[in-house]
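Letters A, B, C, D, E, F, G, H, I, J, K and L mark the chains as written, and numbering starts fresh at 1 in each.
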Amino acid sequence: MKILILNGPNLNLIGKRQPEIYGNISFEEILPKWQSEFNCSIEYFQSNIEGELINTIQNATADAIILNVGGYTHTSVAIRDAISSVNIPVVEVHLSNIAKRESFRHESLITPVCVGCILGFGMESYRLAIGYFITRKD
Amino acid sequence: MKILILNGPNLNLIGKRQPEIYGNISFEEILPKWQSEFNCSIEYFQSNIEGELINTIQNATADAIILNVGGYTHTSVAIRDAISSVNIPVVEVHLSNIAKRESFRHESLITPVCVGCILGFGMESYRLAIGYFITRKD
Amino acid sequence: MKILILNGPNLNLIGKRQPEIYGNISFEEILPKWQSEFNCSIEYFQSNIEGELINTIQNATADAIILNVGGYTHTSVAIRDAISSVNIPVVEVHLSNIAKRESFRHESLITPVCVGCILGFGMESYRLAIGYFITRKD
Amino acid sequence: MKILILNGPNLNLIGKRQPEIYGNISFEEILPKWQSEFNCSIEYFQSNIEGELINTIQNATADAIILNVGGYTHTSVAIRDAISSVNIPVVEVHLSNIAKRESFRHESLITPVCVGCILGFGMESYRLAIGYFITRKD
Amino acid sequence: MKILILNGPNLNLIGKRQPEIYGNISFEEILPKWQSEFNCSIEYFQSNIEGELINTIQNATADAIILNVGGYTHTSVAIRDAISSVNIPVVEVHLSNIAKRESFRHESLITPVCVGCILGFGMESYRLAIGYFITRKD
Amino acid sequence: MKILILNGPNLNLIGKRQPEIYGNISFEEILPKWQSEFNCSIEYFQSNIEGELINTIQNATADAIILNVGGYTHTSVAIRDAISSVNIPVVEVHLSNIAKRESFRHESLITPVCVGCILGFGMESYRLAIGYFITRKD
Amino acid sequence: MKILILNGPNLNLIGKRQPEIYGNISFEEILPKWQSEFNCSIEYFQSNIEGELINTIQNATADAIILNVGGYTHTSVAIRDAISSVNIPVVEVHLSNIAKRESFRHESLITPVCVGCILGFGMESYRLAIGYFITRKD
Amino acid sequence: MKILILNGPNLNLIGKRQPEIYGNISFEEILPKWQSEFNCSIEYFQSNIEGELINTIQNATADAIILNVGGYTHTSVAIRDAISSVNIPVVEVHLSNIAKRESFRHESLITPVCVGCILGFGMESYRLAIGYFITRKD
Amino acid sequence: MKILILNGPNLNLIGKRQPEIYGNISFEEILPKWQSEFNCSIEYFQSNIEGELINTIQNATADAIILNVGGYTHTSVAIRDAISSVNIPVVEVHLSNIAKRESFRHESLITPVCVGCILGFGMESYRLAIGYFITRKD
Amino acid sequence: MKILILNGPNLNLIGKRQPEIYGNISFEEILPKWQSEFNCSIEYFQSNIEGELINTIQNATADAIILNVGGYTHTSVAIRDAISSVNIPVVEVHLSNIAKRESFRHESLITPVCVGCILGFGMESYRLAIGYFITRKD
Amino acid sequence: MKILILNGPNLNLIGKRQPEIYGNISFEEILPKWQSEFNCSIEYFQSNIEGELINTIQNATADAIILNVGGYTHTSVAIRDAISSVNIPVVEVHLSNIAKRESFRHESLITPVCVGCILGFGMESYRLAIGYFITRKD
Amino acid sequence: MKILILNGPNLNLIGKRQPEIYGNISFEEILPKWQSEFNCSIEYFQSNIEGELINTIQNATADAIILNVGGYTHTSVAIRDAISSVNIPVVEVHLSNIAKRESFRHESLITPVCVGCILGFGMESYRLAIGYFITRKD
């Protein structure tokens, strides 16, 4: 099974800045652990550019996508349309509990075109999503 | 570790009506399996009465609560206040992807006082939440 | 034919308080008359507790439900969900013309999951609903 | 007793187009049956022109009006004012359950100046309204 | 003179949890003091169940009601209707200054059917309300 | 100088129904008096049909128009466009103080395309408008 | 008959600045003409200070008030309350057609507590209001 | 092929008033040219009366309708319902780019029940719509 | 202990106009009674001018302020800022139950910067506030 | 004559995915046909990246632009500003009738800065736009 | 060059209260320094009274105005109108970053009638505005 | 001291197009002058691509950032998050007074995460911001 983890703007900074908030582990470090734990292949892509995220969704060859498009979550009709155009199941994740933050973060344009959403558990949000796909496939 | 699963209105019908939509497995049947899989104690309570859900939250002695208060999700300030008054971590779950449904289901009064939220995965939403607590505690 | 009349909060006071407004006939008095007139069986339940109304809807064995959930009309997603979960046709009724009253009474969460709605005719609203079901069944 | 049934735009098509939806009985056919059943005189008028509906309300000599102004329900302050200017009791009816349809059909400008409203029962909505007036008068 | 103090959801926790916020005195402890101070009879009832609060309002035999329905303040049309249905003067109180809190706590459905409202003074809010009724009656 | 007074829906009833509210003088009676007082020619047209009002505006040959389109004031983009299409100055009048009535009467689509508006003075609203045009022209 | 003309902020500039827009006649110049024309006593007061306008309304001894409170029209609950507290009839006037201007000028807090409103006729708005009071009194 | 061009309020003035804005060619002049160019039959109807537009839609026998209902575009649920009731494809056109004009012209009630919409090209909007139908049919 | 009672616009009329509504006792008469009853010093200031109210708040030397700024309650950010800038506890009071009145009176800009609010008890609202401060200080 | 067709996010998939919805002809295939039919030069550019679309608009040397920026239609102030900065006429097109889809697709930020808009005709929307430019130029 | 600095409500407290927030330098102290630095004449006026601010704007003889009307920024149409009535360029300044504060501080009625706005730099906001005018004039 | 000036979409056209509006000086020309005037190092970057602006913010090594992200100001949560993630002080600038323009330009998502904002002064907005940083640092 091949899973694509797709991260949007500013998520390249995780594990690199503000460790007191986001922890000091980066995606680069944690991905091999998850591959071992779940015995699956994980492809990783991050971009700050909305259109590159769309390109990646369109060209994805994975069996499943775990997606966190950060600030584009609340504004990108274009990413929503890209998800709708592919036949791969997508799960949306968020590190923080966005319902606790500014009101413009409460509505996601992405959720209605995904299988579901997992939010608020930090890096565990991603790990739970991987577990969902692995269990579902077996 | 002791986990309380707390279900609100109409969730007693899961596995009993409309199996083509909600599957034909009830909480009564699935809970023992989860207890075995995760080697934990799961207490289960369901009520259609808002105040009984509040009573149960107030009196909970579990290490963690997994909560789906159904239709009260969008209207109950009182349940929100009950969650705020206890020191037990709470995870909100939903069977369906509520972002796909009527607009009055898009805002949850509950999410901002929980650790996080898992929605859209059917019964798997609960199982992922259990996994989260088990992993977190270990 | 068996019809369940289900009344919500404060409707137990009809015929007992403010007779100058609501008349001086209670449901207890009028139900036998309607049973005779329409030659049908009428089951009656009233509760001020939202969850008990939900319980009654879930457990109903009637051929038809006539429902007036009073103040819960405008706030109860949970009662709406209960109606959606049963296969019994439901007609919503209101004693008063709620469109003439405060603006928070103008929108009903219940109507979209019912067959139809009859409002503004006092006790006659219920009688018209009974007549509808009797005629339909014949 | 004389009852005026007043139908607004597009209701002349009932029983003539889309019978799979609206049935294949027209007002012209059903009115004689209702006159017999209720032993009353029913005057019928339909117009697609808002002002003609107002003219008819102003000039009505009936004891009661049953009114369905179709699409004008949600936009016509002028029809509302016409109803307010006459001393004849008016009952609003709708064939469909307008609360299930587009949001611009949820608010009626007409209901607050009527005795009450009956909606969602197809042709039966009219028949229930006739029954209400007959019973009330006797 | 007999006063009913009626408390809604989560107010049973006052004096029992989070003493640093709500103080460490409970209603059970403070009521006798107030009875002595004002030389009146105080009946006390608390429930987390909306419908039980309605039952208690309907059945009240007190000369005055002091009411704090907590989270139901902002959502309960049904409690509002219950207050409207009784002839006993009601004063609404709140421990906290709800205007300082989340925006969904700014509007009270209850205030328009009460004599007045006292908010923001902690337990003193209740004591001021008692004083109001005692003075008014003398 | 020739002035056209153009009245919309239900204004044909003035002086004929509800004299306790609208007085017992009709436009037919008062117009000759105003013609004498101001020594001008007054043409009068009333219709309940929106399109006929538009026709009349388009074909008007008067030096000035005094217009009260009643309930169409708040909904008719089409009448607004007709006023914009002619080169005759238009003054809007209202018998009642519409700012005191239902909120849907507070906004006029017509005022922005008129010279000005006079409201709340009963029949005097029209007379003041005539006086305005006469004075302006002299 | 004694009429008080009460002008609010910035209306002291009329006839003094921007003559191409507001004409080059000031209130000081035009008032004597109106007193002659209508053979009445006109008291004039202008202030840029909201509270002084309130003081003047409270202390007015005129038979009628013609009032244009400029920018306070849209924001002053306090002036509205002052008008409500006196028994003198008040007519609101505006030089410009405020419905053509910025949207925050469309709603007047003042109109609902006045007899009526005259807007859009420049200085003639005041003169029409004087005429109204003179005619009414005779 | 037979095409019905249906124009609403004030569109009878095109080519007759304000030529500097709308050009000096009327529908009466241009229709023969389009019939020649596209070798099709064009029926033309214009009315300022909403209900007559509905009548015409209901009775249409054309293969296609090109419709511009002017000011009714933004307010007429009744015209929308008429379009829904016929099986003829309808294309909505507008002379001006309504998105550049007042905000109440931005939403069309008509577009969702049409094949599509062409706006902003003056008389060319109609010609493009004719071309669409001709091409589609061939 | 020294208490400042600060009244805003139109409150100088209390006890002087409309005694059937506001009673016939003025602040000038009642203050000495309250000083005796509570054995405290009460300073009194009223102004119709927003800025003078701000001046008085800034220069206050009292131990407590009881404030009712009337119509400025709903519009004055400036008074709110003045309250925030002083270290004296402020209690907001209202004679009437503002929640029963026009919707623009439902939101107070002042409450969030006060200790609390007492509304709806007529002159007793002030007396309860005095009692609060006296008790708190003792 | 040189026309630039500029397509935004996800429009590269037309003719490649979901042929049952979008047909099985791609822009690459259809452009030569249109160039022949209209005897014009058509330049084609597609990008999923908002900024590249802006770059292309800024650098365009065509006589006309036909533009469909997909999901950016509803969110991109930046593309709107780019269109405003060039002197080339732009026509907006959409494949689908966006007025029939989710409400966030109803408002276009782009239309007010274009000549006009053509929507709902599939690939024909583009062809009609080409025809418009060709005719206009000749 | 002569610059008028005009400060509104509560800004007289700067440098006098809460020095930990606003610093301990007052306008009285800092103005001479700025006069020296920029070699210009600075007139200073502060008032808590809205109307006095209007008076000062109307009577200003300066070459430029730097204006901070504090809480009136968000509510004063009257100050806005005063600025529009003078021919002196006005720059709006704010000490704090009002976009970070309560939502009712986000919209300024003043900005659209000023040259520009400088906000968030404390006393430096004023100094930057002076620099702007000096540079512009030289 | 090193300052980064970061410009967003369409700002590359300044000084190159529409000189009658934006002047005929470009950033390339003016930057050396400012470096001389303030004796500081200014790095300049412009992009039309949202993600490249984010990249540049993340990688910035300047002591201060002056930022104008043009049309992204009102829509980019992602740029806002990038600013929040760096420890460099940011000042937002705008050439035009955006409060005078379309309503969708009135709210900036960027301002709340900046030190402050300077708007409306053309190129001087940038120069004032440089001056702010230079003064602050010295």
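Here is the rule we go by: contacts are C-beta pairs under 8 Å (C-beta built on N, C-alpha and C of every residue); 3 or more make two chains touch, one makes a residue touch a chain.
Nothing here was measured: the structure is a model prediction, and the numbers come from that model.
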Quiz item: Taking all residue numbers at the chain E to chain I contact, is the shared part over half or under half, that is, same or different?
Solution: same
Quiz prompt | Separation of mean Cα positions, chain L and chain G [Å, integer] | solution = 47
Quiz item: Rounded to the nearest whole Å, what is the centre-to-centre distance of chain I and chain J, using the mean of the C-alpha atoms as each centre?
Solution: 63
Exercise. Two or more other chains in contact with one residue: find those residues in chain A.
Key: 49-52, 75
Quiz item: If you go through all the chains, which pairs of them touch?
Solution: A-B, A-J, A-L, B-C, B-E, C-D, C-E, D-F, D-H, E-I, F-G, F-H, G-I, G-K, H-J, I-K, J-L, K-L
Self-check item: Complex contacts: residues of chain C adjacent to chain B
Solution: 49-52, 54-55, 58, 75-82, 85, 109
Quiz item: Which chain A residues qualify as touching chain B in the complex?
Solution: 97, 99-100, 106-108, 111-112, 114-121, 124-125, 127-128, 131-132, 135-136
Exercise. Give every residue of chain L touching chain J within the complex, in rising order.
Key: 8-10, 12-13, 17-18, 47-52, 70-75, 104-105
